[in-house]
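One structure, pasted below without further comment.
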Amino acid sequence: MNFEFPFQQLPAVMQGPRIERRRILIGGSSFWGTMQDDGQLRLDDGRVVDAEAACYLPPVNPSKIIAVHISYSSRSFETRNKNKPTETPTYFTKPPTSLNGHKGQILKPADCKYLNYEGEYAVVIGKTCRNVTPDEAWDFIEGFCPALDMGLQDFRDTDQGSMLRVKGADSLLPIGPGLVRGVNLFEQTLRTYVNGLVVQEAHIGDETIWGPHYVIADLARHITLVPGDVILMGTPCHSRSVDPGQVVECEITGIGRVSGTVVAIPAPRAAALGVGHAPTDSPEVRRVALGFDERVPEHFKENLRHSRGG
Amino acid sequence: MNFEFPFQQLPAVMQGPRIERRRILIGGSSFWGTMQDDGQLRLDDGRVVDAEAACYLPPVNPSKIIAVHISYSSRSFETRNKNKPTETPTYFTKPPTSLNGHKGQILKPADCKYLNYEGEYAVVIGKTCRNVTPDEAWDFIEGFCPALDMGLQDFRDTDQGSMLRVKGADSLLPIGPGLVRGVNLFEQTLRTYVNGLVVQEAHIGDETIWGPHYVIADLARHITLVPGDVILMGTPCHSRSVDPGQVVECEITGIGRVSGTVVAIPAPRAAALGVGHAPTDSPEVRRVALGFDERVPEHFKENLRHSRGG
Amino acid sequence: MNFEFPFQQLPAVMQGPRIERRRILIGGSSFWGTMQDDGQLRLDDGRVVDAEAACYLPPVNPSKIIAVHISYSSRSFETRNKNKPTETPTYFTKPPTSLNGHKGQILKPADCKYLNYEGEYAVVIGKTCRNVTPDEAWDFIEGFCPALDMGLQDFRDTDQGSMLRVKGADSLLPIGPGLVRGVNLFEQTLRTYVNGLVVQEAHIGDETIWGPHYVIADLARHITLVPGDVILMGTPCHSRSVDPGQVVECEITGIGRVSGTVVAIPAPRAAALGVGHAPTDSPEVRRVALGFDERVPEHFKENLRHSRGG
Amino acid sequence: MNFEFPFQQLPAVMQGPRIERRRILIGGSSFWGTMQDDGQLRLDDGRVVDAEAACYLPPVNPSKIIAVHISYSSRSFETRNKNKPTETPTYFTKPPTSLNGHKGQILKPADCKYLNYEGEYAVVIGKTCRNVTPDEAWDFIEGFCPALDMGLQDFRDTDQGSMLRVKGADSLLPIGPGLVRGVNLFEQTLRTYVNGLVVQEAHIGDETIWGPHYVIADLARHITLVPGDVILMGTPCHSRSVDPGQVVECEITGIGRVSGTVVAIPAPRAAALGVGHAPTDSPEVRRVALGFDERVPEHFKENLRHSRGG
C-alpha cells in the first residue's frame, strides 16, 4: 500500500464536514443540489425534492475517463491466478459516451452473453494537474463517487487489451448518485449488490494497493488531467455476469450507493451483415467473465446464485 | 419580407424527406433517436420507445443563444405602438443555463408576478459560419425546433435593454421535442397554447419580417456562429403572463409542439437581504407584461382568460 | 460600496500566496504553467519558458460571459450625465466567440469608426453557484484576470440596449495573461494604456460601487453560474475610440497587464449587399464613443491625443 | 479489402470540389478559413493570410479519439511476424489532451528512449452516429486530416495493451493542417517523412484492409460517435523511433501534410521518487520500437539512417 494510513494529517478532500452534490433532471432542465441530513435533496434554487424519486444525471462531465485495471489485492490475486501483481498500476480508458447516471439502464445487446459488473469508486479531478507528486495529488481531487465499471466480456478476445469494446459501449458507466467530499475514503467499505445481495466487498483502507494520490501522480507523469476528468479505481474480486432484469448496485459506505438495471437491446444492424467483431464465447472470455472461484468468499457466490433465483 | 417566396429552389434544409431527431434521457444516459411515421421514436440503438412517455433533453447544445427581438409584423405593431418597426432586426442573448427540454418545468420565483410566454421557432447552426450572404446562409442551418422564449417581465426595468434578468433565468427556454429538417418553414403556422387554448398564431411565410437566412447573414457580419448555436426567431403578438400550474406550448406545424409547465420556486435568499435587483411592478413592466390589446384578435384574449378558469 | 473594507477576514481567494496560472500555445498544443518569482513561466511539464515571448491563449473557457454596465463611480458619473446611478448593477453579455488572449489582435472592420476600449478586471467562477449571499459568493471565485471589454460603438443605436453587435464581435475580449488568486483586489489599481500612455485609472477599493461578491449574489438569484464563467466588472471613466495600429493594455496592479493591438479587417460581404445593420454615425453613437469630458482628468485626454501622435 | 473500388458512386464526402478548412491562432483568438487555389488561407472574416507562416490549431475538437491498431497490409505483415492478421480491426484510444496542431512540438521526456512515428490519416465524424451499416457510414464523415500517431514505446510493457502511456501522453497527436472533403481518399498515397526523407509509404486504395466506412460501422455497433470525434486509421510498415531535433511529417496526397518537431522535456518529478511506471528497455519494447526489417523496403531504412546524419 503506497500511502501511510492513518495519515498524519488528513487531506482536505477527506476532512469533514461531508458535502454531497447531486445533479438531477426535472422536465428537461438539470439542477444541482446538496444532500441534507434528513436525506432530502435541497436544490440550489431553494426547492427541496425527494432524493429517492429524483431522475439522476451523472454528477460529472469528464473529458476523459481512465480506469485502473487492478487496485485491490483480492482482485489482483483472482485475475493473476496466484502470480505476483504488476509492480505499478496499469490503465485503460472508457469514452465519455459510456457515462450513465444513478438508476440508469445498463444496456446488454441481444448478441452478448457476458455483461460483468465491477463495483468501484471514482475520483474526480478538480484542477488542471500535470507532473505532481503523490503528496501533492490530493489537492487536485474534487471528490469521490460510487461507480459501476460494467463490461461486455464477450469482446474480451479482441482489441488487444485496450478493452474499448468490452468497457466502452454506451451506458456502461453508472456513476453517482452524488459527488462527495469530506469523507475519509480509507475508512470506507465497498460493496457490490445484485438484486440486493452482496457479491463483492472490500475495506478500501485494507485492500487498496495504490491510492488515488499514487494513481494521479503516475498518470500525470505524461498526461495532463483536467477538471472533471474521472479516474475509476478498480474493483475487488468476484466480477461476474448479470442478465436483463437484474439490479446491480455499488455502495461505498459514507459516499453513496449507485444502481443500474440490466436491460436488453437489439443486436446491432451491422451484426446481421457480418460487419465488425462479433461477440465470442471463447475460453479466455469465459475465464474472465465467469471468474476463478478460488479464494472468493463462498457467500458472494451463493448470493449471486440467489440473485438469479437459483 | 427579405426573402422570395415561393423559392425558385427550396434550400436543402427545407427539402424533404422530413427528418426529426430527438434526444431523451433513460435512467441517467442520453440517447438520440429518429421519429417514425407511426409516432414512435426509434432510438439509434434499435429500441423503439413511446415518444409520448419519454423524458426529453434539449435537442441542442449551443455555445450561444441569440434571440431576435421582433420578427413578426403583428408583434412589431403591438410593441411599437403603431410606430414603424426598426429597419433591421435587433438581438439579445440567453445563457446556455436557460435551456430546458420538452415537458420542462418553467420556474417562476415566488417574488415575481409576470412570467410571459413567447412562442417561437429556433434555428440551429450546423457549420461554422462567418461573413456569409443570405443566399449562402441556408447551408449553415442544421434544422429547426419549436421553442418557448419565456421572460420574467418583472425585471423589464433593469439591465438597460439586455434583458439578461428578464430572459436569462434558469429554465426559461423549453426547446424541442426534436430538431427537424426537410420541412418548408414558410408554409408553416406557429401557435402558442395555454392550457390547450390558442393564445398566439401566425403564418410564418405571411408574417415573417426577416427570414433566418437574413438574420444569420446579419449576425455573421461580425460574430462567428459555431455548430450547435441557436437563434430564436421572435414571437408574434400577444405575449402575456402565465401562472404556476398553467401549461404553455408552442407548436410549429410540420415541426413539432414543445410544452412546459409553470412551477413556483422560492424567492432567492439574496432577496431577503435586499441584495440585487428586486422584481418591480412599474408601468413599463406592466406595459410589456400585460400588453396592448389593440389589434390583438379577440379570441386570443378570451382563450387566455379561459385558460385561467376566468 | 456594498462591502466592508478592510475586511475582518480576507476571503480565501484574496489571501496569499499569490498564484498566477497562464496557458500558452506551443506549436499547436496548449500548456498550463505557473509564473515564477523571476518572471519566467514554469510549465507544468517542467519546462521553463520566457513569459515575454510566449503565445498566449485565454486562461479561461467560459460557457457564459456576463458584463456589468457600470461599477465605478467615475464611469457612473460620466455616462449618467450627472444623474444618480442605477440602484443595482445592470448587465449585458458577450458570446464566447469574443474571447481573445494576451497580445491579441483586436479586429476593427473597415466600415466601423468607433472601437472603444474599456479596461476591466474579470472574475472567474470556480464552482457551480446559484442562490448565494454576498458573503458566501467569495468561495465561488477561482481568481481574477485583467481584461479589455472592447466595443464597436458604431452599433450603439441598434439592439435596444443588449449591445450584442457593440460588444459581441469576434476578438473583442482580450483577457489574461494569467488567472490570479492570492491578491487583495481592493488594494489594487486599474490602469488602461494606449500606446503606453495612461488613459483610464481607478483605485479598485476606492471607486468600486459593487464588489464581485455582490454581483455574483445578484446574478445567482436566478441564473446558475458554472465553473469557468466570466464576469467582467465594468470600467472607470474615459472609454474612448482607438484605431488600427494602436496598442491597448489593461493593467490591474498585482494581477497583470493584458494587451491587444487594433488591426483592420475588411467590411463584411453582407454590407455590400445592404444586408443587416450598418454601422452608424449618429449623435447617440458619438455621445458614447467620444465621451463626456467633464470631470475626466485632463492628463487622460492629453495622453490619448499623444497616443495618436497628436 | 472490405470496400468496392472503384465505387459505383463516390460517397459525397469524397466528391469534389475539394474544400480544406483550417483553424489558426492569431494573437490569442482562433479563426477558421478556407484554403485558396493559390495556396493562401482566406479567413472567414475576409483577411487573407500566408498559410506557410500561420500558427495552427488542430482543426478538430473531439470528445473521443479512437485509433485502429492495424489497417494496412504492410503493417499487418510487419507486426504479426508473418502470421495472419486479425479478422476484424482492433482499437485503442488517445485522450483529447494528446491533440497537437500542424508544426507542433512533439514532446519526448528525458527518461524515454523510443518515441516512434506512425503516419496516418484521420476521419472526423460530422453527425451523431450509432448502429449504422458500412454503406450508410460515409454520410457521417465530415472530412479527413493527415495525422501523426506518435508513441512512447518505452511504455510498451505496461497497460496490458491499452497503450494509454504509450500513445496517450500530451502532444502525441499532431493533426492537420486542415480538415478536407471532396477528395477520393482511395486514390491517395500516404507518406511519412523524417527530416524530409520518406520513411513510410502506402497507396491507400491498394493497401487498406478496412476502410473508414467499415471501421465506423464496427465501432458504432455499441458506441455512439458524436460530431467532432476522430478516428485514426492506422499506419503502414516501418514505424521507428525519432530523436529531439528531428522533424516528422505525414503527407496524404490531395489532403495535406502535417509536421511536428521532436523536443526534449524533463523527466517527470514523480520519476525521481520512484512513483509510477518507469520507461523500460525490454526485448518487447525494442521489438516494437526498432521494428522488424524483413520486407520493409530498403530505401525507407536508408532514409531513416540519413535523417539521423548516419
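Chains: A, B, C and D, in written order; residue numbering restarts at 1 for each.
Here, a residue touches a chain if its C-beta (ideal position, glycine included) is under 8 Å from a C-beta of that chain, and two chains touch if they have at least 3 such contacts.
Because the structure is predicted, anything quoted here is derived from the model rather than measured.
Q: Which chain has its C-alpha centroid farthest away from the centroid of subunit B?
A: Of all chains, D has its centre farthest from that of subunit B.
Q: Contact counts by the stated rule: is the higher one at B-C or C-D?
A: More contacting C-beta pairs are found at B-C.
Q: Using mean CA coordinates as chain centres, what's the gap between subunit B and subunit D in Å?
A: From the centre of subunit B to the centre of subunit D is 43 Å.
Q: Using mean CA coordinates as chain centres, what's the gap between subunit B and subunit C in Å?
A: 31
Q: Centre to centre, by mean C-alpha position, how many angstrom separate subunit C and subunit D?
A: 40
Q: What are the residues of subunit D that contact at least two other chains?
A: 45-46, 130-131, 170, 224, 268-269
Q: Which part of subunit D faces subunit A closely enough to touch in the complex?
A: So the residues of subunit D touching subunit A come out as 2, 63-64, 66, 69, 86-93, 95-98, 109, 130-134, 152, 158-165, 168-170, 214, 217-224, 226, 268-271, 273, 275-277.
Q: In the complex, go through subunit C and note every residue touching subunit D.
A: 25-29, 31, 45-47, 55-58, 99-105, 107, 170-171, 174, 176, 260-261, 265-269
Q: In the complex, go through subunit A and note every residue touching subunit C.
A: Listed in rising order, the residues are 21, 32, 44-46, 128-131, 224, 227.
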